[in-house]
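Paired with subunit B in one complex and with subunit C in the other, subunit A is shared by the two complexes that follow.
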Partner chain A sequence: MKLTAFLICLCLVLFVISLVTGTTPVSVWHSFASLFATDGSPMSVVMQQIRLPRALLAVMIGASLGVSGAAMQGYLRNPLAEPGLIGVSAAAGLGAVLALQTGLAAAFALALPLSALLAALIAVAMILTLAGPRGAALTLILAGIAISALASAFTSLVLNLSPNPFAAAEIVFWMLGSLADRSFAHVWLALPFMAVGWLLLGSLGRGLDALTLGEDAAAAMGVRLSGLRLALVIGTAACVGAGTAVAGSIGFVGLVVPHVLRPFVGGQPSRLLWASALGGAAMVLAADIAVRVALPDRDLKLGVLMALVGAPLFLHLIYKTRGTLQ
Partner chain B sequence: MTVLTLQDLSVKRGACPLIENVSLTLHPGECVGLLGPNGAGKTTLMRAALGLLAHDGTSSLAQMTSMERARACAWLPQAREIAWPVSVERLVRLGRLPHSGTKAEDTAAVADALAQMGLQAYAQRTATQLSGGEQARVLIARALAQDTPLMMADEPIAGLDPAAQIATMRVFSALAASGRTVLTSLHDLGLAARHCSRVIMLHQGGIVADGPPAEVMTPENLAQVFGILAHYEMTDRGPVFQTLDTLE
Partner chain C sequence: MAALLVSAALVLADAPQRVVSINLCTDQLALLLAAPGQLVSVTRLSHEDTDSVMGDQARALPANGSGAEEVYLLKPDLVLAGTFTSMATISMLRNLGIEVVQFAPARALSDVPDRLAQMGEALGREAEATAMIDSFNADLAALSAAPAQRPRAALTYVNNYSSGRHSLAGDVLFAAGFDNVAEEAGLGSVGVLPLEQLVLLAPDVIIQGRNYPGAARAEDNLDHPALSSLKGTYLAGELTDRDWVCGTPTVLNAVRTMVDLRRDVEARQ
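The block that comes next holds the complex of A and B.
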């Protein structure tokens, strides 16, 4: 309970800081007044149409990555699992890259995220076909790795055949992941998918708890493993696919956040789900504030900063727990 | 009244039969030892009876819905898996998942299960940091907390120290004495002879003998199934069984 309250407060504080952080030099109070202003002043446009959707997307994407990371680790009973494992983020990336390459992205505003979502859906269909309805966890991982590799190969092919360096640079920059210049259109596009994903993943708590004892014991305790796996794959794909579609690939959140919070929830997978959603939201909010504060005029990409901070943090955790890991 | 009925249960891997046409009935109050050499089909038989394996023939458990089955039978797999560093109390509480009782009922059942396995002092310890034998006892407590008419355990006492082995077998026979049923596979024939009310001897996927230990663990059956010579004697301190030698 204390942990939940702390994480909610942390998210609220970071959300507010995210709203008042930006290149336009105005006071905190003026910023807030503009958030609710209806006068159409430049500052109200900045607050309502740039900073608010940006902060909302940070919360949504962070929560998605956190909860799907916790669910994936719980299902595979492996603290190294992460949402990208089932290949959906790589596939969504490929969809986005294809939209950029073919010029579709310039045709209408949401062409890029829609193309990414479509590719993510195709990846899910392929995974469910490959892994089969009754396959074990290992089949799922292998299918995910295969699809990831295939999507990455096609992405490389697109880059390879890219007609000019500018197109290639645009693709590479998109793939680094960012929340800059997103609008409410992106929020409304991602939200329904993410909401479905949150509901599906949030319903897995009981089954994931039972899986602490292994697949056989969980099945004998009344957990329908095939149903659980289907909900996990579709939930993760909806969450992560939508997130990648609107913001590019942002790594490490789904890996690090459940790992950091696990000791605080007594290792219980069901409690870790919601804690990781809040923790993920806080982490992405913080990182998105940091990219604007650290190098305000260089458009530092969120995905880059996340990996720069996440990897050493992860190393530190491994160093600290190496004695207790078996 | 029966707690488990198997009728012509068969499991095949490809064309090769793992167990073939096994029929048996378990009644309340029985503590049943499932004996047989490695590969005889003990685990396969129990998993198929639960419906965790595709099978031919019928098993009364496999015909239930998964939630009904979870309230009818607790299953203790051989692989002792504890994936996350949860407390012993919380791990044992997982056994309450199939029940929709109040929190107080769950807490009482957990405390009872911990007491039966002598684990009260361990309740707040982290399960993954215990020794292998202690983890095994915690997992047995988890199955006890499930509070079902039937408990199926796959080599639950392997790797326990002698006192813990005897204590666990006593818990099982006490469960049987209270009107429940236990089906447990074991390799310790001596403990089976002393603590089981009935033993089933399995060989190459079929039942060779089924009945009270004294009638099943005969020199002929032991020679045929295990290829061993053993001494069996009824003493005033209960049956004594000692394996002596292998047979050529």
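The block that comes next holds the complex of A and C.
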């Protein structure tokens, strides 16, 4: 309970800091007055249409990635499972790029998240099939590398074939992710899919707790493993697909956050799910503030910061689990 | 008389006979000034109407991809390039004994006569260049009469790029009687003007540049709903295009479009 209260406070503080961070320094008081102003002044447009959707997307995407990571790790009982590392984000990016470049997204806005979701669904299903129910670490990581490489290669190919001279440069965006200049259109596009994902993954708590005792024990406790697996696949695809469709693939959130929070919830997967959602939101908010403070007018990609924090931790986890990687 | 004819023939013999251009802007300058048959190839970009103002004339000539190998095989005695053309290509051609003349991109309208003169000299067509310079100067003077009031305008391109006063596009805007808000933001030439800053500057008119097919996230900033929420700002859509790219006399079309836009904005106020 104390942990939840702390994480909620952290998210609120970071949300406020995110709202007052921008390229133009403006006083905190003036920023908030403008947030609720209805006069259509330039500052109110900046607060309501640029900074607010950006902060909201950071919360939504962070929560989605955090809860997806916690759920996958709980199901596979493997601390290395994370949507970015196992290729789900890369696949979702490919789906989004295909929807944009075929003109489908222009004809029908929902095609963008739907296509990303579909591609993510294929990737999660492939990973779970390849890794098997116990999620052998080595198979999982190798399958993830292969799917990631394949999806990234197709993304680059599609963007290089585009008649638009700027399309090729956005390979960086799809691989590293950014929240720069997103609008409420993106919030409304992603929210319904993410909400479905949160509900599905949030409902897994009891099953994942039972699964810590082993599959047989879980089955004896009345947990239907096939149902749990299906909810996990669809929930992760919905969360990661919608987030990637609007902000590119932001890696390592689902790896770092559950790892940091696990000791505080006594290793209990059901509590870790919700804690990771809050922790993920805080982490993406913090990173999005940091990229704007570090390089205000350069659109430094979120993935750069995430990898700086996440990759050393990933190496540490590999070092710790190397005995079981055989 | 005979002596004059002989000297004219000498000048002609001195002029390059097979000229290849490997830069979009030198393509256009050469198409304007070259003698019939003197220019033998232009870049592939010049064949595209989205990029080139002289597509019809350019398509009469074979296109090249600006690579040293294919340019050399065209056996040119003069190659026209930009100062930003790949150094590797230029030094390769020079090592192969081909004369290469490089043209700097125009950063102001006043660069246009200089480039015309340089091209006239390179092609041995000084008289044609002088005539063109005179008509350019006269047309520009007629277009850029000082307005009573200068509306505040912003130029925005993909990825939030903008042009300040010290760029060809910025100079077009200035000549047409606009003030450039990029200057208020401290942007001198071409650079990034973040969306937030653009909205806070609240210009009277936002002129957007985009004319490429296919989707790119780089163009998302042009569609951001914050821009259309600004009261008192007129979004002038896609106005910057191929007329703005090169320092040739066709850049006057851009000045003309902007003067029309300024009259339009004044009528709205």
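By definition in this document, the second predicted complex is superposed on the first by the 239 of 326 C-alpha atoms of A that agree within 3 Å, B and C clash if a C-alpha of one lies under 4 Å from a C-alpha of the other, contacts with A are read in each partner's own complex, and residues count from 1 in each chain.
By definition in this document, a residue touches a chain if its C-beta (ideal position, glycine included) is under 8 Å from a C-beta of that chain, and two chains touch if they have at least 3 such contacts.
Computed from a predicted model, the values in this text were never measured in an experiment.
Using the contact criterion defined above for the overlaid structures, shared-chain residue A:M43 touches subunit C, although it does not reach subunit B.
For subunit A, the partner that touches more of its residues is C, with subunit B and subunit C as the two candidates. In the superposition on chain A, contact is made by A:R206 with subunit B only, not with subunit C. In the superposition on chain A, contact is made by A:R77 with subunit B only, not with subunit C. When the two complexes are overlaid on their common chain A, residue A:A217 makes contact with subunit B while staying clear of subunit C.
In the superposition on chain A, A:P269 makes contact with subunit B only, not with subunit C.
Look at A:D181: by the touch rule set out above, it reaches subunit C but stays clear of subunit B. Here subunit A touches subunit C in the complex through residues 22-24, 40, 42-43, 45-46, 48-51, 100-101, 103, 105-106, 162-167, 169-170, 173, 181, 183-185, 296-299, going by the rule given at the top.
On the side of subunit A, the complex with subunit B involves touching residues 77, 206, 209-214, 216-217, 219-224, 262-263, 266-269, 324, 326. Taken in their complex, subunit C has these residues touching subunit A: 158-160, 192, 194-197, 199-202, 212-221, 224-226, 229-231.
Against subunit A, in their complex, subunit B makes its touches with residues 47, 50, 52, 66-67, 69-71, 73-77, 79, 81-87, 90-91, 94-95, 97-98, 126, 128-129, 139, 142, 146.
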